[in-house]
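Labels A, B, C and D are assigned to the chains in the order they are written; within every chain, residues are numbered from 1.
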Amino acid sequence: MKPRLNVEICGISFKNPVIAASGTFGFGREYARYVDLNMLGGIAVKGLTLLPRKGNPPPRIAETPSGILNSVGLQNPGIDHFIEQELPQLLKYDTRIIVNINGNTIDEYCRMAEKLRGVPVHFLELNISCPNVKQGGVAFGTDPDLVYDITRSVKAHAGQPVIVKLTPNVTDIKEVAIAAEQGGADGISLINTVLGMAIDVKKRRPVLANIVGGLSGPAIKPIALRMVWEAAQVVSIPIIGMGGITTGEDVVEFLLAGATAVGVGTANLMSPTACIDILNQLEEYMVQNGVGDVKELIGRLETE
Amino acid sequence: MKGGSSEASGSCKGRNSCSSTVMKGTDKCKIVENVMIAPDMYKMAFLSEHIAFNAHPGQFVHIKVPCDNSLLMRRPISIHDVHPQTGVVEIAYKVVGRGTRILSRMNAGQVIDVLGPLGQGFTISRGIKSAFVIGGGCGIAPLKFLARRLKEEGIAVTALLGFREREAVYGLSDFEEFSNRLLVTTDDGSLGRKGLVTQLLEEELKEQLPDVMFTCGPVPMLKVVQRLAREYSVPCQMSLEERMGCGIGGCLVCSCAIRTPNGDFEYKRVCKDGPVFWSREVMLDEATIEC
Amino acid sequence: MKPRLNVEICGISFKNPVIAASGTFGFGREYARYVDLNMLGGIAVKGLTLLPRKGNPPPRIAETPSGILNSVGLQNPGIDHFIEQELPQLLKYDTRIIVNINGNTIDEYCRMAEKLRGVPVHFLELNISCPNVKQGGVAFGTDPDLVYDITRSVKAHAGQPVIVKLTPNVTDIKEVAIAAEQGGADGISLINTVLGMAIDVKKRRPVLANIVGGLSGPAIKPIALRMVWEAAQVVSIPIIGMGGITTGEDVVEFLLAGATAVGVGTANLMSPTACIDILNQLEEYMVQNGVGDVKELIGRLETE
Amino acid sequence: MKGGSSEASGSCKGRNSCSSTVMKGTDKCKIVENVMIAPDMYKMAFLSEHIAFNAHPGQFVHIKVPCDNSLLMRRPISIHDVHPQTGVVEIAYKVVGRGTRILSRMNAGQVIDVLGPLGQGFTISRGIKSAFVIGGGCGIAPLKFLARRLKEEGIAVTALLGFREREAVYGLSDFEEFSNRLLVTTDDGSLGRKGLVTQLLEEELKEQLPDVMFTCGPVPMLKVVQRLAREYSVPCQMSLEERMGCGIGGCLVCSCAIRTPNGDFEYKRVCKDGPVFWSREVMLDEATIEC
């Protein structure tokens, strides 16, 4: 018998727990010729800002052991362009659309939420953690009070359930997760990238033009898992877990730690079919281990 | 007609019309040959009907580094040539780091994971009669396929190839076959003319202007070619390099600065909007990778 | 000509900048048959506590992509035993000895510092960051005020220069580095391990008996480098940089980022000759790049 | 006499006196054979004079996983046998994960990085006349070298070996050669006696008591052997497994709980204080790895 893969977040059902993570899947367009987007649980689109952004100068990527550093710097065509030009093609697919929004001020987040009212997307994802934007970015996500404020404010303007995306660059992820929940978040996603740096010893310069960047990929999986597990101990809203997932077994780890769904990021850069490959491996694991329903895995880590 | 297509290139009926969308993931390709052709320079041939049939000159393949899972990113390598009848695809690459070193140690019979063909290749416009093909060092790799295609189209090709020294020279017999004139320089004069290929280019431009120029090579070379193209008003296409992630346009890490009509610039994707661009649009001072 | 490798920390000269990191080199004894300990810049001994400690139950190690998680939990024979039984054999070697001390209270740190007064070791390293000890450990290193207090207190009792070892599990490493400097630290070392977790999907249990552990190895190198670079911007005391160093070029990265010396940890577990191999590669880099004196590299990252 | 030594084993004059300290790092060893001997079970032979000459039964080697740099830790594998004359070292290992899978794909002629011999092997006390050697599954690997050594010492060996099923059986001819009696069980009775090797052991103990028992295998098996050793008052040594880091005693990650005379316990290092311990000291409930 085929195992059941569907999960539910805030009453909205997902075919399966595999979501393409923001910034690694564009607006789906480029991936559509490699994977049937209808097969995905959801797609988190590239981070959007109120106005178009050029992004950071190149180089924007550095390879590190089992990881990558990126400093794209939120290059995007702006929220209006997204709604008008990109969203229509995405809506042809039967999958959940998560719109990742980024502001320099609370007001900017709210205005983006307003613009998305009535637009047929399923979730807003508040990226309060992108480490590449000098103003705002990091500050929001590292201060529990600000996390509370921004969540509350955006909730007041949002037409869709709001997921708050947390940064791992904090002393205590539990505090921040609780702040998001108390601010009214419908869910949290974590982790965003870990601040890192790479140096070219020949040129004696940073590899990235931006000097620092965000670390992602398998290297950070242990950190991500620990944070998802910690957050799951203290909040009762659903968690979308991510950070270094490249296999079906990685997905199982995050579900056991307490995630209801997972994001796949860097793996999409390693292979355009990653999300589907991972989904197939997840099914295989379930069949081999007699797990009939993926929900049986969520939060079921035994620690005795 | 632009070589390569930003949308599906699954089954192309002729070079100019790529329309039908075919789901095509990465290919597991068997290596048929992997030999050193110059110091640190290798030529590999592998089997992929899909790539051999659909590739355009200037496009590239994106190769997963085998064995070592600590290296996550694929390596972009230009398509050196294709043989659609046999499904053989050729690449020519230089060992510069860990990824290419591992690649160089693979043997015939082993399998590599290849994504492609990717990117926008060289545009061969109708009506073109003559072309200069200017390459430097490992930037010559994509020009063999281009020269062959130009010859098939009946275009008169002058190939200007620059190498560091005699030992570094490769592929000359290919260009003898596919070009009408072949001019070679080495920095130290150990083969052909002594000096830079761009010096030779300027002399040639003083003699005759081609309809179009195509170029690939190190950034300093590209800069001179770009200037000469402007000075002599010859349309010029250049192939760029940048560090890549996905290779298909999804992650925005492979940016190059491209002038916009309003005098500003925008970051385009080398992998998807390029790697070939019109030289007049390219802001090379922003380019970070020295081929 | 042979490049010059010696560096100086608080007026004490090191033959070269390569120090075996605490916890990965025992008390040197086991490594002595693989490497000539006289060739090392220094040895940071296994973390000591006032009384002997059993440590955590096994399994204590998990392998993660380009990293390892450990939860040794400070197993050690206690400071008295160290001074009487272990130190004498170490003192036979001509290298710098750094004694890594760990307390549950400020008082415990001070008492250990007292016990080491007059003992011929070169540095105390205050480990205020070990993530495996439930009491104390994490709390000290994550709160700048506590870091200031503990540094000041130990300085008042210490007979040797005091290096404060920082944890990366903080929102802002700069704040903590400044607190250590203001507290009177003679140097700082960073980073200790990053809190992480691994799950066995077959057993649906954490791999480590301790559930969480400390992530080390190449996976964390980008994080470590970024933190060393950040700290170097704000303090003027010397920095011992570490985290994922496995090659001579890795050492160069840390020196360029601002470290005066480096710690080699996990690499010792990969090969007992790691420190010497790394030292040889560092020399090779210097010869190939025309660096006559290793001090020319320290802090010389170009960011323009 | 304890096999193996915690200090230098560079040049041992005879098995019992290992004194001179020789700096010896890791060995780059050429593989001479790597073949499947049962499903998922491989036997590899490689060249290392150092190991072949200095190893004691029960010691292990610590092997760097080749190719894949994302796997940092070496893999501990018992020494299956050594041939000091030719410098050949044998290991027998089961493919259980990524590291052993990569190992299984290596070919003769390729080189692996090996550290060893490591740990405290089996102690063969003077005056011993008879021994039981009890092994289960891949825990049988270190017992071939032991049995050969016991035979060389003139000790009467009864080998009791348990396998899951007929297909999983390997190495019987070795034990036919080196033991006086060879008793085999399979869980399903497809070869030898049906049942667990420990059932057979109990029957044998009722018949005759050996001077000593040596055992290696899965923890549940070890537990029964431990109990029987106590009940029948036979001294027993068992080889343990634990996840390892350094393999040489420096990192304290490979701990096993060992009873102390005062009724408490301490964590000892499997790599350095073991892997072989006296069964009466071992607290197997703390053991975490099922062989």
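As a convention for this text, a contact is a pair of C-beta atoms (placed from the backbone, for glycine too) under 8 Å apart; a residue touches a chain by one contact, two chains touch by 3 or more.
Everything quoted here is computed from the prediction, not taken from an experiment.
Contact with both chain A and chain C is made by B, D. Interface comparison, C-D against A-D: more C-beta pairs in contact at C-D.
Remark: chain A and chain B have CA centroids separated by 35 Å (rounded to whole angstrom). Centre-to-centre, using mean CA coordinates, chain B is 56 Å away from chain D. Centre-to-centre separation between chain A and chain D, using Cα means, comes to 47 Å.
Among the residues of chain A, those touching two or more other chains are numbered 62, 65-67, 217-218. Of all residues in chain B, those touching 2 or more other chains are 69-71, listed in ascending order.
If you draw each protein chain as a dot and join the dots that touch, every dot ends up joined to every other dot. Considering their complex, residues 62, 64-67, 69, 142, 169-172, 194-199, 201-206, 211-212, 215, 217-223, 225-226, 229, 244, 249, 252-253, 256-257, 285, 289, 297, 300-303 of chain C touch chain A.
Across the complex, chain C meets chain B through its residues 65-66, 218.
Listed in rising order, the residues of chain B touching chain C in the complex are 69-70. Within the complex formed with chain C, the chain D residues making contact are 7-8, 10, 21-26, 64, 69-74, 113, 115, 242-246, 248-257, 266-267, 272, 286-289.
Within the complex formed with chain B, the chain A residues making contact are 23-26, 29-31, 33-36, 46, 54-55, 57-63, 65-68, 70, 72, 75, 209, 217-218, 266, 268-273.
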